[in-house]
């Protein structure tokens, strides 16, 4: 049970160019900031990134895009990123757009050992092109396959040295699903504690799914759309 | 004339019933939350993983871990619950969310909707829109009746790539309220200051005026 | 938002004879004792019960069996019940045996709006008889359909008046899956609290899935196999 | 002669490696937990929803909400986690559990296993056995080599209804340790006091004696 690694660089040390990665987060919320920075330092390229979004210019996956380390994005929404747009239009970058719920469920299917499931999203649209359809109870569904990722890189709020993870608020999003789906799962956490310090009823991802864990540093947690109301 | 965005939101809010679970899309739909009638308790779902979305935080109380599907900082309410993205769309697919309100670029008389992609423009992606329109049990579209060029957005069939097929049940536009039926669009209310003739002129899809059509109360 | 009902009798008041029910619990752990008692009082019959086990003589679903209220059990394991065995051998009772993980996943599929999934259990056995098979990545899977239950009856540890549920220890088992799968879901809880008293990060089943909730009484929580070790 | 149940469990425990996640079935497999070698940390999974199963509770500390898959009262350990039954079998199907140990009525030379049903006897059900054998990535069977009538339980093919096909990798019986290979059963160890001739006589399925066969150290 030696899951704790020294830091982000150690956690990603063996990720090769050409790897298929899952990266947790929704927008910039709950993204594995430390591991993304380590991947930038490491300089691996030709990455396929399964991630709901592609970050923004200068933050999140945007940092990997800027260094041209990404070959393909599998995402539901990739706006807010000028460099992304430039690479896409110039043909340097491939994009596979997947409906958000389908993206999430294809992660879940991998973590649950289900090779394929039937889902509704995209029936009758171009997303259904080339996909097998099937009717159940009068509704048409698409056959959607589980993702097969080499590494899942997630960010949790708290974790213990056995790899158990707890997420906070909407920073949960895709993180637990991807954590369960990776062949090798790397978790960076804001607070790493000893076994027994997390309530076993509150664990979102049991440690069996997590292979490497470390306490991250210097979280910026950038806010994409700061919206507030005035005090009365 | 016609309704402004706030009035469209206000009219849609009148569709809410006590106990509803509601998903509000980005744009006009978000404004619906400001007009929930007294005595009607609804729970707002944010598809990134929250039931019980509260108002924007007070300045200085923003939490980067707490955002809505539009990536805006938000708050929770007593009784909120967080969950992952698979459960979030699972509850929508399973029909547990009573109403989804979203915007559209085009709606067809058969209920098809297009709201994610314009050919030759940069595609940002469908986000959760395709999941929502395919799976939600009741969908209301909030939108302008015509595009900036003055062309109808209520069409015989959509010209843009589809987001979903045969799913829109009702439209609230700046001109009125329209049921989407097997006979096409049925105008059941017109906005104050808008004439039936204007609605007919600006609706390209098959349109019927309900015998009981009335002026909207907003 | 009027989910709170007075008690078990009110919660099950409209369950008709012939209904398809899901009943949470594993063995006697985490079973909805109050609702089972109310169903016995109500006297409905011809029930189809989807439940991992069938209780024991004189407790749990065994109480419904004793009154001959059950037409069919859909379970993974039905031992420890002499009356069950008698009815089965006499032909009074039908049983559909489903592997435990398949049973759980068919509940989950219903709660997630997935009409069917592909699962491994039972391939090459009599469980696969008549079922569609399909190969993915060299392995053969069975197509398994989501359950379609009229009512799900579950037992939680804590719940709030909006229907949010938290389970304790291994009393979780099938309960959250069934809670998400019922067309009408009834939850009995040991402690019913006001909204805001449960941490939103700790909710196992969000209230959207729960239609009726009440605080149960007089939990017996019978132990099936009491095993202990001696103090040194 | 041959091993008693405790010795079978002890021999299986020697297969455990540090960091393994292990599911132990009912009966002899449960006893394996008592013989985990020093310096080897394993996490026990109980398929009713627990990782990190601890020993039985002290008298008076039993909790009805905390049981194992055999419905026995148990305890947790630091680092335990609870989950629902779908996730429990999900992690097994996804290959996250390193080893499953279970009992069997019959094992065939091709790795088929039968352990849930005897025709004409009351069927209690397969419980989680079919899920475990179909999905676990490494399966060891703990069992008596022969049935009470003295008939071999290691067969050319199973006579009882199958629990799973081609899934058993290794057998530890009272007589020895057997790999299940594409060439059938391969005896790699014999129990103290047991002869190769006895093993041959009591094994109905195709059997090879490994050239490096040795006496079991238990």
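For reference, chains read A, B, C and D in written order, and residue numbers begin at 1 within each chain.
Heads up, the rule we're going with is that a residue touches a chain if its C-beta (ideal position, glycine included) is under 8 Å from a C-beta of that chain, and two chains touch if they have at least 3 such contacts.
All figures in this text were calculated on a predicted structure; none of them were measured in a lab.
Under the contact definition stated at the top, the chains bordering both subunit A and subunit B are C. Across the two candidate interfaces, A-D and C-D, the one carrying more C-beta contacts is C-D. Averaged C-alpha coordinates give centres for subunit A and subunit D that are 36 Å from one another. Taking the mean of the C-alpha atoms as each chain's centre, subunit C and subunit D sit 28 Å apart. Measuring from the averaged C-alpha position of subunit A to that of subunit C gives a distance of 33 Å.
Subunit B and subunit D have centres, each the mean of its CA atoms, that are 56 Å apart. For subunit C, the set of residues that touch two or more other chains comprises 105, 112-114, 119-120, 167-169, 172, 200-201. The residues of subunit D that reach two or more other chains are 50, 76, 82-83, 86, 90, 92-93, 135, listed in rising order.
Shown are all chain pairs that touch, namely A-B, A-C, A-D, B-C, C-D.
Those residues of subunit A whose C-beta lies close enough to touch subunit C in the complex are 105, 109, 112-120, 136-137, 139, 141, 145, 166-169, 172, 200-202.
For subunit A in complex with subunit B, the residues that touch the partner chain are 26-30, 52, 75-79, 85, 88-89, 95, 97, 99-105, 107-108, 119-127, 157, 167-177, 204, 221-231. Across the interface of their complex, subunit A is touched by residues 46-50, 55-68, 70-74, 76, 82-86, 88-90, 92-93, 112, 122-131, 134-135, 161-166 of subunit B. Remark: subunit B residues 18-19, 21, 41, 43, 45, 50-52, 76-83, 86-87, 90-97, 135 touch subunit C in the complex.
Within the complex, the subunit C residues that touch subunit B are 1-2, 110-114, 160-162, 164, 180, 194-196, 200-201, 203, 206-209.
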